[in-house]
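Letters A, B, C and D mark the chains in the order given here, with residues in each chain numbered from 1 onward.
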Amino acid sequence: MTVKTEGIIKIDKELCTGCRRCTGVCPVDAIEGEKGQPQTINVERCVLCGQCVQICSAYASAFDEDIAPREQKMEERNMLPSVKEPLFASYYTGHAPTVKKVLVNNSLFTMVQCAPAVRVAIAEEFGMPLGSLTPGKMAAALKKLGFNRVYDTNFTADLTIMEEGNELIKRVTEGGVLPMFTSCCPAWVKFIEQDYPELIPHLSSCKSPQQMAGALFKTYGAQVDGVDAAKVYSVSVMPCVCKKFECERPEMKDSGYRDVDVAITTRELAQLIKDAGIDFNGLPEEEFDKPLGTYTGAGTIFGATGGVMEAALRTAYELITKQEIPDVNLKLVRGVEGVRTADVKVGDLTLKVAVVAGLKNVIPVLEAIKAGKADFHFIEVMTCPVGCVSGGGQPKVLIPDEQANAYTNRTCNTYVHDENMEYRKSHNNPEIKKIYEKFLVEDNIHHLLHTKYTPRR
Amino acid sequence: MNTKLNSFVVADPRKCIGCKACELACAVVHADSDGKTVGTVETPIMPRLFLVKTAEVTMPIQCRHCEDAPCANACPVDAISQVDNKILINTEACVGCKTCMMACPFGAMDLVPKYKDGQVVTQNGLMSETEDGLVEKEVMLAHKCDLCVDQPNGPACIRVCPEKALELIVPKQVKRKRNVEAATNFLDSVKNFFD
Amino acid sequence: MNTFVVANPNKCIGCKACEIACAVAHLGTSVATAGFIDAPFSPRISLVRAEMVTMPIQCRQCDDAPCANACPVAAIVNQDNKIVVKPELCIGCKTCIVACPFGAIDVVPRCQNGKEQMQMSLNVITKEGKENKEVMVAHKCDLCAGRLGGPACVEVCPGDAFTLVKPEVINDSIKNKRLSSALDIIGK
Amino acid sequence: MSGLGTAFGSGAMTNSIYEIDEMGPKDAIFAIGTNTTECHPIIGVKMLKAKARGIKLVVADPRKTDLARHADVWLRHRPGTDVALLNGLSYVILTEGLADETFIAERTENFEAFKEVAMRFTPEYTASITKVPAEKIIEAARIIAKADATASYYTMGITQHTTGVDNVLSVANVAMLTGNMGKSKGGVNPLRGQNNVQGACDMGALPNVYTGYQSVTNPDVKAKFEKAWNAQLSDKVGLTIPSVLNAITRDEVKILYVFGENPMRSDPDINHVEHCLKHLDCLIVQDIFLTETAEIADVVLPGVSYAEKDGTFSSTDRTVQRIRKAVEPKGKSLPDWQILRDIMKAMGYPADYSSAEDVFDEMRFLTPSYAGISYKRLENGGIPWPCPNENHPGTPILHIGKFSRGLGKFAPIEHREPAELPDEEYPLMLTTGRVVAHYHTGTMTRRSWGLNGAHPEESLEINPKDAEKLNIEDGDEISVTTRRGSLITKAQVTTRVPQGLTFITFHFTESPGNILTNSAADPVTQTPEFKVCSVKVKKLDFSDFGCQKRKIFRKKSSYIK
């Protein structure tokens, strides 16, 4: 079975000059066309990472008469009419108008979640310095927009660690398929499904934090607020274009409904905030709502490459050794190199781990595994250059040589945020403890938080 | 007066891939907003160099900072002068007469609306007659390459070009380099002609 | 085929007499008295002192002149077997400088009878204030058109380094080369 | 002068420059310390044409001059190591049996003493001092010795050293060793640094001689001149320029009369020169323009240019030639002889000369080597002295059959290092010279539209490797500093100079090279070491100093107009 990816990422034939710089960043060579001619996207190959959207500089000139009018293009792209920013050849179809409609529909109970990487980038769209950290203003803005509950993907990031951590320990101790791959990056998952189906068993069965959150919103979340799950409308704000695809995967309805009804990007949220006339920079800091908005430092570093690994190790160490980890800052898995490996002593067991950033870099690793030449226990893979902070849905940097700067600042502030959190290990998150006591039990854990994958070849 | 020739930026059509990164960067560094991401751009992109893309050629075209700048000599209000070896427009003086656009043989001169803080600036007196009545008319200004006079690290177009296709030409240096190359290359052909 | 002047580096002593003769020949005024000329010194030939060679470089009067083809205002034309700049058309855009592979073309103040011409309305603004800018024109070898005795550089060179290459000179030389290569083939 | 005097008995160029036109494939030219194509262009052209005819050319110069580029062998020796290089050449000639035994036996003396020293300069040892590869030294020696005739040419690159005389003697050694003296297309030929410098010396413009090198200490000569001039004359040798300056500071010289000379730019260590000249009671300057020296003079006497006067010039090869007035003198200016005549009259001496010819005739009757040269004869072209009588054709080649002093004298010379060598503080070596467009201190050429246009400003030649270390790019404004002074100029990054060496001229008053040079001089001739001193070079960060210099330049150039 296949999921339609058509129309999520497109290249505007009128605007594309055929410079083909996008082919340089596409990890799966999905962009086809002659040099100097408009390019097209091979939807079978495309993993929807959106890096082509980030690099494209072929903008629509306001003074150019021989192209379709801006209004028409914005409609095609499903953008809010109030958006003023320039349009580029490579784009993704948005969902901001959908969300805007939902927010004025009183018959619905709206719940929103925000990915870790969004809070270190969204302020850029309001002229703040690159990588500014603004979780409080973001929460405030979401409440001002009218969401009934402002929850956080960081909570389910913590939850992912609990599940994935346990899964890893099981696989290692009871001899499961190793190495185990992380499964939070939907582009990576799609890539395995279409290019390396034989390695699917290596993928962690855990849903991504977005989908865990979705499933919980319409079950546990609905209970908490005593609302009818059918009336809950679940929105996610992601640094990622592929999340739009992930939430549309047919199987993602274990709550009995679409776990996530719609995913919008960081840029789209900024557009919604501007559209509503909210002065983002002037907003007071506000908290995320309990219980599904409470998170630890471990949850927030999911936004940076190596973050999932670091968070997992913090928890795994303490669960296995039953003693406190000497230093929570596991610098050995941080960095920007495409492939980083480390041996981590956990009690008398040495965990061999690898962290991969940039999908192209994973291929040699996968080939090594197929050839039986890689004896890792656990591998984190993120499709985008330095993880979600550099995602295809993140604010697009105007001057190319400032992009590296943006990525560094976003990453740094992600770790700054972690260091300033009261709790920095997922298993210490009080709401996580609570949800395992009050709601999660053997059987619903499995169908709400875990999933199966589909070979696409 | 020991005349130093004005430098200018020119692109190598063999290298240019037509990505428009130069146009974008040009517009951005000249905008009054200090936003760094696309979302912060609220005014139209108004570059001072222009990508030409046809079947024969792909390259951006911009001002050559002519020594006898036809635009300046054509300007009826002396709004264009040479400052520090650059041909610059004094926007305060410009009346939007478009003579410079007609005078420039490169099409390097443009006429664009004036924006301030993301808002188009309108004129005090002049109104436009439209179907919804009289509306204030925006201020229009002559618009051309200023060699990024306010940029600490030089012309943005050169900086951002992924193919390094743009180059700042310092005429006398180019001439000298070519002279030396020509002389050196000529050495070999000598014996075949003179001896 | 156009005529041009070229120098033999093996005879050049780098004395710059050609540069001076060129500048004087085009000055249109006497240089006999010391220190009374305001006109800038702008020869149409430049002596090159490079690592490997010392020799003057000047226009080759290319039959497919890149300078002319690059000129946006058609100020460079082919006239009496040479490439000529029409100063009244030139706008000093310097595109010809970029186009010429020899670096044989320059842009300099336009002088008439040793006096610089000023532009109508282009001003140069400096801290000292506003001043009119001199007319700048593309500047290249014109083979001393109209000068008795032909190109001044050829005439003045103490080393007899220059050759005035008329079409027949080239034709003769290539004829001879063809002959000798033919003879080489039959081994004579 | 003095070096060749010691070796041959005469200090002048031994052969005629016209011989170059007759040289062919069997002949050779050995040019050392001469940038002939730039400083003597006409002779340079002759050399290149001879080269085209197939002569062998050996050039010794630290800089890659145009002549060096055309050479069969180019010896790039370290500045100030000429003696070692020449001894090294002699070693090869001696050991390879290339020496002219008969010539040495019949025409020279002191050979053994010289040989003993020369035999220590093996190619390897010489290479270690001069940095010239041994095989090049051997190659050069063979060319010089094997040619039918080898003419040696040198200029200030040989003489302007603390070892100036030693250098000259060493050139003479090589010439005698190869039997190249007193024969056509051979000889030792010092090219004079300035027009008519030969004539000035011939006329006794030296501290120790009257006209034609007649010694002031010789009583007969003294008597002859006292009789002719009806005046008491001193028999004491006068002062050289450096000792004049020192005498001024000791109040032994109170009045100085300078003509056709610009010590404020042409002498080493200008700051010292200025101090001295300002210390004088009275400075009189006679020149055709207001030179830097004239600017500080008490009295300025307006002379006339070459085109405004009659007289003779003696060219570098001793050929006496007529020059004729082409235009009338401007304003109140007068020919030098008239100014001097009027001063003599004013001092009460009956100087009744009515023409340049009168002066010339008086001179030649008192000067054996000029005796046979008359204006009448000169109408048919120049005559090289010595010319003892009116039937004598003149002497294009000296020392035929016999040296002026009898036997040619070999000189055993040891290598001595220059007075000032690079160190931590002043890491680079500076050598000075000229460019083709300018003459001396530019008094005339800087005022010529064409010449000044062709070379409008000073620049310091510096090797790319050194420039890179100092992060200097071609055309950058730099400061050049020695222990004596500092100037501002532009960098000319070029491989013409080797790593460690820089080059500057002394033509440009706005960056006067001689503010840097060392006044340390040759012990015999007192010729200063213009060719070697040590400097430090720094890129200018648009300091006020830079602006200051630009101001000076503006002032200067407007003054030139």
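The rule we apply is simple: a contact is a pair of C-beta atoms (placed from the backbone, for glycine too) under 8 Å apart; a residue touches a chain by one contact, two chains touch by 3 or more.
Everything numeric here is computed off the predicted structure, so don't read it as measured data.
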Counting C-beta pairs in contact, pick out the pair of chains that comes out on top.
B-C
Counting only C-alpha atoms to place each centre, which chain is farthest from subunit B?
D
Of all the chains, which has the CA centre nearest the overall CA centre?
B
Round to the nearest whole Å and give the separation of the Cα centres of subunit A and subunit B.
41
What whole-Å value do you get for the distance between subunit A and subunit D if each is reduced to the mean of its CA atoms?
84
Approximately how many whole Å separate the CA-defined centres of subunit C and subunit D?
37
Just curious, how far off is subunit C from subunit A if you go by their C-alpha centres, in Å?
66
Going through subunit B residue by residue, note those that touch at least 2 other chains and give them in order.
none
Junction residues of subunit D, two or more chains touched
none
Classify the chain contact graph as line, ring, star, complete or other.
line
So which chains end up touching which?
A-B, B-C, C-D
Using the touch rule from the top, collect the residues of subunit B that touch subunit A in their complex.
17-21, 23-25, 28-29, 33-45, 51, 53, 58, 112, 118, 156, 159-160, 162
Complex contact set, residues of subunit A against subunit B
17-21, 35-36, 57-59, 61-63, 84-86, 88, 124-127, 129-130, 267, 270-271, 274, 395-402, 406
In the complex, the residues of subunit B that touch subunit C are 1-3, 5-6, 8, 10, 64, 66-70, 72-73, 75, 78, 80-84, 105-106, 169, 171, 174-184, 186-187, 190, 192-194
Partner subunit D, residues of subunit C touching it in the complex
10-16, 19-20, 23-24, 31, 34-41, 43, 49, 51-54, 158-159
Subunit C residues touching subunit B in their complex are 6, 8-10, 40, 46, 48, 50-55, 57, 72-73, 90-95, 97-98, 100-109, 119-126, 130, 133-137, 163, 173, 177
